[in-house]
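Look at the two complexes coming up: chain A is in both, with chain B in one and chain C in the other.
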Partner chain A sequence: MNSEPGAGPATGTPLSVRGISRRFGSVQALANVDFTLESGEIHALVGENGAGKSTLAKIVAGSIRSDAGSMSLFGQPYEPLSRREGAAAGVAHVRQQLSLVRGLTVAQNLQLGRPGAPAVFNAAAARAEVERWSDEFALSVPAETLVDDMPLAVRQQAEILIAVAWGARLLILDEPSSALGPLETRALIALCHRLRAEGTPILYISHRLPELAELADRLTVLRAGRVVVEGADVRAADLREVATLMIGDVTLLEVNRPEIERGSTRLRVSDLSISSTQEVGCYGLDFEVAGGEILGVVGIAGNGQESLAKALTGQVKLSSGHVLVDEVDISGSAREAIAAGVAHLHEDRSTGLAAAFSVADNATARYAGSRKFTRFGVRLPDKIARHARELAERFQVRPPEPTAKASSLSGGNQQKLMAARELEKNPTVLVAHGPTKGLDPEAAKAMRDRCFAAAQAGGAVVVISADLDEVADLAHRVIVLYRGAVTDAFPIEDMTSERVGAAMAGLTESAGATSG
Partner chain B sequence: MADVVADGDLDDVRPTTPADEERRLTTSLSTSVLAVLIALVIGGLILLMSGENPLTAYSAMVDGAFGSSFALGETLSRAAPLAIVGYGTAVALRAGLITIGAQGQVVAGAIGALLTAQFFENAPSAVAIPAAALGGALFGMAWVLIPALLRARFNVNEILSTLLFTEFAALLIEYLLNNPLKPPTAITPQSEPYPKNGILGLVVDGTRFHFGVFAAFAIGIAFVWWIRSDRGFSYDLYGENPSLAQSLGISSNRVIINSLLISGATAGLVGWMQAAGLLQRVYVQIASDIGFFGLVVAFLGGATAGGVLVAALLFGALQSGGLAMQSSEGIPASLSDIIQALLLLGFSIRYAPQIIRLTRGVMANFTLIGKRRA
Partner chain C sequence: MSQLLEATFWSATVAGGMRLATPLIYASIGETFAQRAGVLNLGLEGYMIIGALSSLYVADPTSAPLGFLVGGLAGMALASLMVLLSIRLFANQVVVGFGLTILGIGTTGYIFHETTDVGGRDRQVSLPSEIDIPLLSDIPWLGDAVFGHSWYTWLSLGLVIVAGFVASRTIFGLQAKAVGEDPDAAAAKGVDVLRIRTQATLISGFLGGLGGAALMLGSVGRFQPYLTANRGFIALIVIIMASWSIWGAAVGAFVFGFFEALGFNLNNVFVDVPIEGLNAIPFFVALVILTVSARWARMPRGLGQNYVPTV
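Showing the complex of A and B:
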C-alpha cells in the first residue's frame, strides 16, 4: 500500500494520465494516451469495442499496469499495483459485469473485503449504512435482499452505493447503461448528477451517444487505442460527428431494412401466462407472428421479458395458454422447441455459451444428444472441428479456430458464435433477446443482418429488447410489456417516444387494469 | 490476462492455442510433481524430528509399494477401488454435482453383493460372479437414489444428503452384522464367509492381487468412452452451464439422477470387489476409507481419465508402502497418512479456484436452504 490514503483532501486535478501505452501480444491496446479528469465533471469516454476504453479504465483502477506513461491522482503521483491499491487511493471501478457476490445481501457485500471492516460482521450497522446511503442518493436499494433477487439496475445502484460508501473519490462506470431501459438509464443519470454535485468526478464509459448529451460535461474519443478527441465540450459537440470519429464509418449506423415478403402465421401465442417466483411472469399474452415478420417486444428490463423468452423457447412450464410453432404446441419443452426449429439468441452471453468449452463444442452444442457427428455414441472430434470451422467462417467468428475457448473471444465474436450455433439452419421462429446489446457497430450490424436473414428465409422473428433503437432498426410491429402484460401494440411507423414511453411506464388504461 | 480477455474489450487478442494448452499442461504437471516433493520433504522433517532416518523410511515405503510382487499386488488392489470410485465420482463432478456419499454406497454394495451371492450359492461361478457384481452395483445405486431424487425434485443439496446416507449405511451394516447376517458362532460383528462360487480368484498366488482389480481397467475404459460420448458431452455441458444445457433440451432431472446413479453404481461395484475379492467376508469396516479417498482421487485427478488413474496409483502406493514401512522399520504407518493429508492440502490450494468454481453453486444453495425453491 504505497498509495496515499483515501481519506486525504481532494486537491489538485482528480486524474491526469500522461503517455499511457499498453500492448497485449500483437495488439497495441493503448498508444500514448493523454487524458485529464477535472474536478466536478462527468467525463465520457467513448469508442468502439476494442478501442481500449476498458483497458484504460483497468489501468486507472489498478487491475492491470501500463507499459509506459504516468498518472497522477489529486495531484499526487499514482501508480497502483492492484485494484485493491487503486481502491485504497479512492478509485472505484464499477464494471460491466458487476462484481457483487451472489448469495449475499447488499449489506453483506458492503462489508465484504472492505478496507478496515471489523472482523465481526455487524448486520445492524451494515443495514443502517446501506439505508443511509440509499436515502442520501434517493435510491431504493434494499439492504437485506439477496443480490440474486434484485433486478440488474438495482444491483448496479448497489455497487455504486458500495463504492461511495467505501470512500471513492473518483468513480469509473464502465458501460453502465448497456443493460438498462430508458427509465432506468434516466435514474442512473440522476444518480451520476447527484454524485457530481457531491464532488465525485466520474469517468463514464459508453457506446451510447444520445444519453451523453444529457449526462456528461466533456467527452474523449478513443479509436484503436489512440485519443482522437480529448475533452470536448459535450453540449457543443455534434454527436453525429463524434459517431463518425468513433467508428470512422457512419453508414453503419443507418440500417437498410430489406423488403421482406410476409408469409402465413408461424408463431401463435394464446392466453400465455407464467407465474414465477424468480422473476416477473407473463399475464394473458396473445399475439401472432407471420413468416417474414419481425415483432419487437419492448419494455423496461424486468417486465416479463425473461419469462417470455423462456416461454417461446419451451424452457418454462406455463400456468396457462399455448405457444404454437407451425401449429405444433411446444410449450414447456425445450426439446420440442428445438425440433420445431426455434432458435434462441440468449440475452446474456455468459448464459448463452459454455464459456470454458471450445468454439467447436459451442458451435455444435445444439446437436448434443442428437447422435449427429457420432459413431457408436462417441463424438467424432475431427468431424466436429471441421463443421465448426465452416460455421465459424460462415458467421465470421474471429478467430474461426475450433480449439479456442469461447471465453477467449471478444463479446462481438461470442455473440456471433452463439448465432452460428442457433442459426445454422433457417429457424422457423427466432427469439432474439437483445441481439446487439453491448456490441460495436460492425458486430451489431452483423447481428441485425442475421435477424433480417432469418425473416427473409421465412422465419418469424421476435426481438426482445430494452433498447428502443435496436427495436426501431429491426421490427415491423411492436408490443410493449409492462409488468408481464401487453400495454400497447402498434406498427413500427406509429412508434413515437411519447406513445412507447407511456406504455412502458404503465401509463395506459389497460396497464392500470393489470397492475392495480 | 484472462481477466482482460474475458471482458471482451480487446478483439481476438489471445485465443487459446495448442501451445497454451501444452504450457498449461506442463505447468500443472510440474506443480503436481512439486506438490508430491513438498509433501515428501515435510514428511521427512517430521521423521527427523522423531529421530528416524527419512531415507530409510522412504526406501522402505517404496519397497513396500513396488519392491516385490506382493508389494505391487498390494498397491494395485488398493489403487483399484480408489480408481473406480474416482471415475464414478468424476462423472458426477463433471456434471456439476458433488456427491460425497461413496463411502455409504460401498457399504451398500458389499451388502448387496453378499446377499446376491448367497442367493446364487449353488449356481455356477459364471452366473454367480456377474450376478453379485450387478447386485453390488444396484445396491450402490439404490443408496444414492433418494438423494438423487431429492436433488432433482426439490433441489436438496446433494453434499448433505449423500453424507447423511453414508451415516445410514454405517448404522445399517452394524445392525445387519450384529443380528441377521451374523453367524451364530461369531463373536465380533461379521457375515458368513462369502460364498465360494462367487469369490474372485488371485491373479498371482501369494499376493492380494485378485481378478476384481481388472474391473478398474474396465471402468477406466468405460470412463474414457463416457467423456468422449455424445451423452457424456451433454452431461459435461450441463455441468458447465446448466441453463444453457436446459435450453438446448438437455433434461436437468435426467442429468442429475443419472450421473448420481452412475457414481452410486461404481461405488457399489467396489463394495462387491472388496467382499468377493479382497476380504471374502463382509465386515463393518468393509469400506475402510475407500469412499472418501476415492473422492479425493476424483478431485486431484481433475475428473479426467489419466488424472484419476495416477492419483489412485499414488494413494494406493502410499497406503501399501506406509503399512510395509511400519512392519519392516517400525515407523508408524500414520506417516503415510500425514503425507496423504499434505498432498491433499497442497492440491486443494493448487486447484482451489477450480474447486471453488465447481462448488460455488452448491455453496450458494447453502444460504438458500429454506428460503427458496419451494
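Showing the complex of A and C:
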C-alpha cells in the first residue's frame, strides 16, 4: 500500500487511545475513553446520537483536541494538532458530511490539499491516478465529473479512494452508510473488506447494527461519552443486547403499530410523470392511499423520491397525470395543495424550514397569505408569538421560544418544529419524507407517533424513505421506486429483504404493472 | 453614414476598444481571482483610483514603469484593509467593499486637491509610445486594429495568459476555487481558507491598482477626481458576464471596450445624437449579455460569505 506521507513503517498497534476526555461547555462528550484498533481489523464504534462517537473520531483525526489522555499510532506517540497533521501521520477521516469540495472534479480533489503535491496541477496524471485506484478497488469513480453531479454513494467511494491514494494507514468512516440504500451499503462493505485485506485497519462508526455483523470484526459501544463495551467480538455478540446497551432503554426500539380504521380513498395518483433536469423524475405512477392508511415508498436514494414528494405537494409541474386529494386536483399548485390540507415533512430540514427565521415565523408559515395573523396587511406579532408558543409546546419543541431562530434548534427539535407547522391541523394527506432520518430514538419515536396520529385522524399518509426499517415500522403497504417507476407493490407483511432488494435494484420484471 | 461601411472605421473602433479595455482587463482578472475564492471585492473602484493617483505621483518624478508598479502596490495596500476587516474580522463584505470604494475616491480627491494648484496641469505624464508587433501589424485589416498599442495593453494580454494558467493549472488556482465553492470542505482537506482568500484579495488589489495605473499612465496622463468613472464596477459586471472565467473576463473587457469605442466613434458619424446616448451603448450591451448569460452563469457558491474557522 502506498504510504508516502506516513512516518515510519506500519508496525505496532495501529491506534491506542488511553484515558481520553473531552468536554464541550457543560457537556462531558467523552469521559476517560480507552480504545484499541488492532492491525487488520474493522472495528465498529457504535452508540446513539450524542454518545461521543464523532467526537472521538475527530480527536483521532486531529480536528479537535482532547482535554486529557494520550494516543499512540503504530507504536509512536501521536498528538495531532490539526487534521492536516493527522492526515500527514496517515489517519484519514471520512465524515458524515463528506469533505469532497463541490465545484471541483474528483481528480482535482485528489490533488487539493494533498501533502507534497506539486504546485502545478497535472490533470492527466491526476486522472490516471484516480482511474488506477478505482480499478484496484473495483469501483467506478469518474475522474473528471464534478463532485456535485455524482450520487452520494459514488462521492463517498471517491473520498475513500482519495484517502487511500494519499497514503492513509488508518481509515475512520463516520456513519458512512446513513444515506445509502441496501445495495450501496453492500458495495461499501465489500470495499471495506478489500481495504482490510490490503492491510488498512478501519474504525467504522455507525448506529446501524444489522450491517455490522457482516462488516466488522470487533465492536466498542459508547454511551454518553463512556465506553460500555470495549472490543467485543462481533460474531459472538448478541446485537439485541448491544442495542440495549447502546440506548439503555429497549422499549424505544419496539414500535407498536396502532390499529387504524381504514377510510375511503383520499389520495389518488394517476399516470403521474415528471421530467426533471435536476433530479430523477417519475414515470407513469398510479396509486391510491385511503384515509387511515400509511403507504411506504422505498427505493435507493435518488430514484425519483424527490420528484414524487414535490408532485404530491404541488411543487412541480407534471408532464402528465394528476394528483387528486379528496377528488380535488392539486397538480402543480402548492397553494391548492395547502388549501386541500396536504402536509409535507421535508426530507431536508434546512430546506423544510426557514433556518434564519424565528420559531414563530416558521410555526405559522402555513398562514402566509391568510388574514389570520394580520390586520390591514400588518402582522400581529403578539398573536403570532402566542400561537407559536402553543404549537411549540404541543409538539414539544425545545425550547418553545417563539423568538429563537430555527437554526439554533437541534435536529430533532427542528423536525418537531416542522411537524408543528405541517400537522397543526389534521392533514388530509401527509407526505413524510425520511421523517425519522438522523434522529435519536426518542425523537424518532415522537415522529413515528405523529405519523400514526395523522393516519388515525383519517389522513392518508405517504412515508418516503431509503431506510427500510423506518418504512417497516410505519407502513401498511409498500411501493418500490426504481429510476422513477414502481417496480413492486405489496402489503407490509410480504416485505422480505429479498423481494425489496430485487425491486430496489430494478430486478423485478413487471416494472409499474403491479402497483396500486 | 458611409463611414460605417469603411474598414478603417471598424479597425479604429477595435483598436480603441483594446485601449479602453486595458484597465478593465487588469481589474477584472484580479477581481476574478478574488471572487473565485469567494471574496466579493466591491472596493475594486477604490483600488483602481488609488492606483491611478499613486502611479501618477511616482511616475511624474521618476519613471512610468516604477509608477505603474507603485500603483499596483497602492491598490494592494487598500485591499489589505479588506483582508483585515472582512476576511480576518468577518465584517460584511459588501459594506467593507463599498466603504473602500468611497474611501479611495474621497482620499484621492482630497490628496489631489491639496497637492495641486492649477487643476492638475503641474502633475502629468506624457502618454507612452506605441509598440507595434512587426508581423501582427502587417496583417491587413486586423493589422490596423492591433496597431499602435502601448506596453500596458500588451502586458495585460500577457497577464491573461499567465492568470489563465494559474487559475486552471496550478494548485493555487484549485485552492482558490475550492475556498470559493465550498470553504468548509476545503478546510477539511487541510486548505487554509483564510490564507488563500487573503492572497486572492491582495492579488485583486494589486491588479486593480495596476488597472488604475494603466488608465492613468497609458491613456489619460493626468488626474482628475473620480478619474476611474465606475470602471471598477464595470469590471464587476464583466466578471459576471464571463461567468467567473479568466479568459471570459478578458473577452468581456474587450467587448465592453469595443462598444465604448463604438459610442465615441459613432459620435463623429451621428453628430446630432447626444453623446450621452451613445455612451450608454456598452451598458445596454452588458444588460443583454447579462440577461442571456444568466442561463449558464454559475457564481461561486461561497461568494460574499465570510468563512469563520470552526477550530
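One rule holds in what follows: the second predicted complex is superposed on the first by the 454 of 516 C-alpha atoms of A that agree within 3 Å, B and C clash if a C-alpha of one lies under 4 Å from a C-alpha of the other, contacts with A are read in each partner's own complex, and residues count from 1 in each chain.
The definition used in the following text is that contacts are C-beta pairs under 8 Å (C-beta built on N, C-alpha and C of every residue); 3 or more make two chains touch, one makes a residue touch a chain.
These figures come from a predicted structure and were not determined experimentally.
Give one of first, second, both or neither to describe whether A:Ala190 is in contact with chain B, with chain C, with both, or with none.
A:Ala190 sits against neither chain B nor chain C.
Is A:Arg95 touching the first partner chain B, the second partner chain C, both, or neither of them?
After superposition on chain A, A:Arg95 lies in contact with both partners, chain B and chain C.
So in the superposed three-chain picture, is A:Ser63 touching just chain B, just chain C, both, or none of them (first/second/both/neither)?
A:Ser63 contacts both chain B and chain C.
Give one of first, second, both or neither to describe whether A:Ala453 is in contact with chain B, with chain C, with both, or with none.
Touch status of A:Ala453: no partner.
Once the two complexes are aligned on chain A, which partner has more residues of chain A within touching range, chain B or chain C?
Touching more of chain A: B.
Should A:Pro399 be classified as contacting the first partner (chain B), the second (chain C), both, or neither?
Only chain B is touched by A:Pro399; chain C is not.
So, does A:Gly103 touch the first partner chain B, the second partner chain C, both, or neither?
both
Between chain B (first) and chain C (second), which does A:Pro118 come into contact with in this model arrangement: first, second, both, or neither?
Only chain C; A:Pro118 stays clear of chain B.
With both complexes overlaid on chain A, does A:Val27 touch chain B (first), chain C (second), both or neither?
It touches chain B, and chain C stays clear.
Determine where on chain A the residues touched by chain B overlap those touched by chain C, and list them.
In chain A, residues 63-64, 95, 97, 102-104 are touched by chain B and also by chain C.
Okay, in this complex, where on chain A does chain B touch?
Residues in contact with chain B: 24-25, 27, 29, 49-50, 52-55, 58, 63-64, 95-97, 102-104, 146, 148, 277, 313, 315, 333-335, 337-338, 344, 346, 351-357, 361, 365-366, 368-371, 373-374, 377-379, 398-399, 401, 403-405, 407-414.
Using the touch definition from the top, list the residues of chain A that touch chain C in their complex.
Going through chain A, the ones touching chain C are 63-64, 82-84, 87, 95, 97-104, 108-109, 111-113, 115, 117-121, 123.
Given the complex with chain A, which residues does chain B contribute to the contact?
1-18, 21, 225, 228-231, 233-234, 237, 240-241, 243-251, 363-364, 367-368, 371-372, 374
Within their complex, state which residues of chain C touch chain A.
168-175, 177-178, 180-182, 184-186, 188-191, 300-301, 311
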